[in-house]
Amino acid sequence: MQAFVMNGIGETGFAEKDRPEPGPNDAILEPTVALICTSDVHTVHGAIGERENLTLGHEAVGVVDEVGSQVENFAEGDRVAVGAITPDWGSAAAQDGHPSQSDGPLGGWKFANEKDGVFAEYVHVNDADANLARIPEGVTDEEAAYVCDMLSTGFAAAENAAIPMGGTVAVFAQGPVGLMATRGAALQGAGRIFAVESVPERQELAREYGADEIVDFEEVDPVEEILGATDGAGVDGAIEALGREETLADCVAVTKPGGTISNVGYYGEGETVGIPREAWGVGMAEKDIVTDLCPGGRLRLRRLLRLIDAERVDPTPMTTHEFDFEDIGEAFELMASKEDGVIKPLVRF
Amino acid sequence: MQAFVMNGIGETGFAEKDRPEPGPNDAILEPTVALICTSDVHTVHGAIGERENLTLGHEAVGVVDEVGSQVENFAEGDRVAVGAITPDWGSAAAQDGHPSQSDGPLGGWKFANEKDGVFAEYVHVNDADANLARIPEGVTDEEAAYVCDMLSTGFAAAENAAIPMGGTVAVFAQGPVGLMATRGAALQGAGRIFAVESVPERQELAREYGADEIVDFEEVDPVEEILGATDGAGVDGAIEALGREETLADCVAVTKPGGTISNVGYYGEGETVGIPREAWGVGMAEKDIVTDLCPGGRLRLRRLLRLIDAERVDPTPMTTHEFDFEDIGEAFELMASKEDGVIKPLVRF
Amino acid sequence: MQAFVMNGIGETGFAEKDRPEPGPNDAILEPTVALICTSDVHTVHGAIGERENLTLGHEAVGVVDEVGSQVENFAEGDRVAVGAITPDWGSAAAQDGHPSQSDGPLGGWKFANEKDGVFAEYVHVNDADANLARIPEGVTDEEAAYVCDMLSTGFAAAENAAIPMGGTVAVFAQGPVGLMATRGAALQGAGRIFAVESVPERQELAREYGADEIVDFEEVDPVEEILGATDGAGVDGAIEALGREETLADCVAVTKPGGTISNVGYYGEGETVGIPREAWGVGMAEKDIVTDLCPGGRLRLRRLLRLIDAERVDPTPMTTHEFDFEDIGEAFELMASKEDGVIKPLVRF
Amino acid sequence: MQAFVMNGIGETGFAEKDRPEPGPNDAILEPTVALICTSDVHTVHGAIGERENLTLGHEAVGVVDEVGSQVENFAEGDRVAVGAITPDWGSAAAQDGHPSQSDGPLGGWKFANEKDGVFAEYVHVNDADANLARIPEGVTDEEAAYVCDMLSTGFAAAENAAIPMGGTVAVFAQGPVGLMATRGAALQGAGRIFAVESVPERQELAREYGADEIVDFEEVDPVEEILGATDGAGVDGAIEALGREETLADCVAVTKPGGTISNVGYYGEGETVGIPREAWGVGMAEKDIVTDLCPGGRLRLRRLLRLIDAERVDPTPMTTHEFDFEDIGEAFELMASKEDGVIKPLVRF
């Protein structure tokens, strides 16, 4: 079968591989639609180290091709989504409420990290009963592909921000995760959402997803702006959806004492990530910093699919470009260049 | 000044009273708009016992007429809302996170219970800094009056139901509290909301507020219907917004193991309120039963007002009738009879 | 192999059975020590309905005899404990934080309910990686047997009671679960523990486990006594460790507004379990009722074993009697009769 | 009256001041016993900026000398403790569950910060009903003085570490707050407590308070040691009780993915406090960082006093030195020099 792989840092291309075989608890998925993630680009650029002949991709939906002997909930032909994160649900971390950390830090992240990813004609899914979810009739593959990572991560950012009903929240960066954090904040009952973003297309989408105010960091200082708009009090929660030290610092600065900084950014550089000491109240202002890695699992996926089905969220406006699988290389280049107003490139198999 | 009072069980009428005086921490409010609550009717019918010359009412907005010497946040002329529940914020219960229970069970409920209520030309507000909230310019008095109780109680019902993002919830009874519970569930990210109600006008409002499915208990058995619609699994959370033993039993029955029954109903009769033993999993199905009394306080009110201001909720469709203060007796009769499709009667001063 | 089985309601005896075979994820355990639970007695008396040739027992430790092909964490010869509750960790309920409810109400309870229990020469353990825990060197089998159910359930009762540091708690009934709830309350930082019990030996053990005050319900009314001792305020949390409607009512009555009633009792009779309406604050006193079924899983067992290893709890004083497996019938009779000061009978294989 | 004051950075001495007058909600306390805190020393050294004629001290117990007109719970002659932090309980932050942050960051910290502290013959206590607690008969003033800050802060560190029953925890630094964090961890049900400390007297006290293992950072690398002792998994929670960037980094490094870093350290230097990027899982390992400022309030103090009364904790071994008020200057020098094995100097009035 054909797979789109990483061949050392900076190198991508197609490779011919054997179709994977399922163990007793596994399934084989035949993808129909996939999405490219900025973190795929990071991976190719070396963020998780050297990889040879590793199939890329972690956002895909498709059809079950085969299941292992112990799989009870799925059968050949089922139309399903699989989480970007596919935890080992019996692990200590999962039993402790942190499935994404099963078997070590970020250990639930297997696709295009510990094993081949989803940009291939067939995909191996571990613990299929727990990590797949059937797609409801009312939801298309093109919509469903967003639950694998974008909705799950973005909504988790909002959930972790501990936004009280009618509370205030600032979402830093309106890429696809940030946009879904904005939508998530609205769905968590926020009363006022500041979306920090400078790209006009993303600002517009942010408004559609529920942002009450756009803070263009190229025109104003977002900390001054948000503190000013809240009479100096700061927001109940701030969301870091970018992964830059400066942005995290801004999040700490705009959060009220007793508020929460919710991080879903991935910090790719530096020895340390600095918290601004005074804005953090010298460690005593009860500004908690919480982090997350995309929650996976059948239950989570099912709930996210339900929100699409019920029209609480429509992710498709984020699909700015479409490609056939054979042209996935172009999609990658586009995602790397961030040109042409790209938000998410969708790939069809 | 004129006040609309209860004079023994079943008796109401106007009385002439002295204008109240503020203590150092208090304020005097001159109401502009008030709402009549079913619990006012219960009170008159003896629910909290005999009362003589007690001013009725606990939902009002208005203008600050005078403040005590220690009040810092408010001044004469401020347009404000006051919570139906006005806790003592320094009490042990408030320090423990349960302000509505300050100084004893339901102890934060002072209006028309421990002291005169709001259906008067002037109203005494204890701990004014903590229990009043300024009304934003974009919110009318007619809208703001709903934050005192209806939004606060209804939304609390949804918050306590611990609805996960994309989760399922059933709201039993679509009176004004139930309608706001439905809206609250939508604002908490519910993926599927069942609204149990038989009155067509209320069914329609429920849909407007976010209900995905209406369960008419006069046509179907709501337990069978909701269990059937969830493949027998039950909902993540069920909300009791009526105060009847049978309804609570239905809530327990439709809630999945590991789910939450959120009660805001007031049980007026009987020695006990029975939990159905088997549906409750013989006490081991992890179906928690949580209860609440309308959260009050400046912060809560401010957040609820923000949700109106941001157009996340419009309570005014619940105002089915309007009366002048001098005609409040008629409003009471209407609320007691539940005739003419009444949901909330609004009173102007 | 020999197994001690239930043969219809009220009938027990030995039966010859085939040694179970492990599936890919399973293990076979050879028990060394088991404990008899009151719920085994209830089962025989018909509490969960008719059962034929069902091996009894759910509290056992032993040695791994064989593992399935997918089991990674355990091997033949490992000395292990297995939880009374052996969830399916990939199920929706487990993903939702309620593993004991996996695959339906109380669905994690498989031993001596859905499949053969542990009173046999060989025992089948599902999902072995997730449901077994290695016993540390410093912990004997006789100690370890208590983590399967008694420590896990009793401590869960205390954890769920949401006892604040220095808070007050009342534990109703000092059977083995109640005693461990008392110990659990002490280990959760309770500042004052009332243990309600009339049997002198149990009163004494309760004191050893951390009870500050014994309330003998045959001599005083426990509600009056506990309310009196707390100046009428009530306790922060009350624990029901018996499973009787009257006791649950007492728990509600002694709990302060804003407090928690933590139930681990199993209610065996009646259509409903009545909550006392007025003591419950007519549904508005924020007295939450939470329930649990013995938490299982490798992580839980490992943590409980650690508490024994660190000498934070010594369960062995609860072992009042010992029997060889061949005499288990006598042990059952003793547990049923509650004679001779029995708390827990231990069985050796 | 005499007061021990700060007169600019680095300068202390006695001053004659007027006895304070209570407002309607306040009380005047006549101290009997006080404790000197390292943060008093920091204050004198300029940590919170320049201060002129500011009375120092925030840990004291004594007798009520006078109460304001609105004070209901206390009267002249009552023997009481007052929290180091005396929040405004009606503030938005307090209503939000963060009383220590009332009226701005660290805003509940008034003594020796926003107003005169407790090292004086008479002390003004704001919001007396909410911020004082009567000392039980069984508790001496010398014991009670520890609830003002040391027990409250140390125990909060343990509570915030979210230690599961039987979980593992590392407490960095065994000064008085760290020692109480160690005791707090034991009272929260920790199964294994690592105490990081190099001073032998403090190591010994740590063992008495519940530490299972001492990690002497002058002899071993604490990160290696603790990771090694937990088979590389890390601890469930780590507590920073020192306020140094390196220590916080160690806390992050020894905490398992999905664990909690609980900070009560006060960071006195630098633009930023650096989180080690890789050990923090590049922002995706679900290692939350939570902070706190000493919880105050009548309820908290009462609960802490109860724990002393019930002999769950004996703080007096931390009192290494005693001084009369007139010699408080010497006590200050001792606390600054950390000589003579000092842990806490107690001052008698």
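In this document, chain identifiers A, B, C and D correspond to the written order of the chains, with residue numbering beginning at 1 in each.
FYI, contacts are C-beta pairs under 8 Å (C-beta built on N, C-alpha and C of every residue); 3 or more make two chains touch, one makes a residue touch a chain.
On a predicted model such as this, the values are computed, not experimentally measured, just so you know.
Undergrad: Looking at chain pairs B-C and C-D, which one is connected by more C-beta pairs in contact?
TA: Pair with more contacting C-beta pairs, B-C versus C-D: B-C.
Undergrad: Matching over half of the contact pairs by residue number, can you pick out the copy of the A-D interface from B-C, B-D or A-C?
TA: Answer for the repeat of A-D: B-C.
Undergrad: Report the inter-centroid distance (CA atoms only) between subunit C and subunit D in whole Å.
TA: Here the centre of subunit D sits 38 Å away from the centre of subunit C.
Undergrad: Two or more other chains in contact with one residue: find those residues in subunit C.
TA: Correct list: 92, 96-97, 164, 302.
Undergrad: Spell out the residues on subunit A that touch subunit C in their complex, using ranges where they run on.
TA: 23-25, 69-70, 89-92, 94-97, 99, 127, 129-130, 297-300, 302
Undergrad: Provide the residue numbers of subunit A that touch subunit B in the complex, in ascending order.
TA: Going by the criterion above, the answer is residues 155, 159, 164-168, 184, 186-189, 191-192, 212, 302-307, 309-310, 312.
Undergrad: For a test of understanding, state which residues of subunit C touch subunit B in their complex under the given definition.
TA: It is residues 92-93, 96-98, 100-101, 104-107, 164, 233, 240, 243, 249, 256-258, 263-277, 280-293 of subunit C that touch subunit B.
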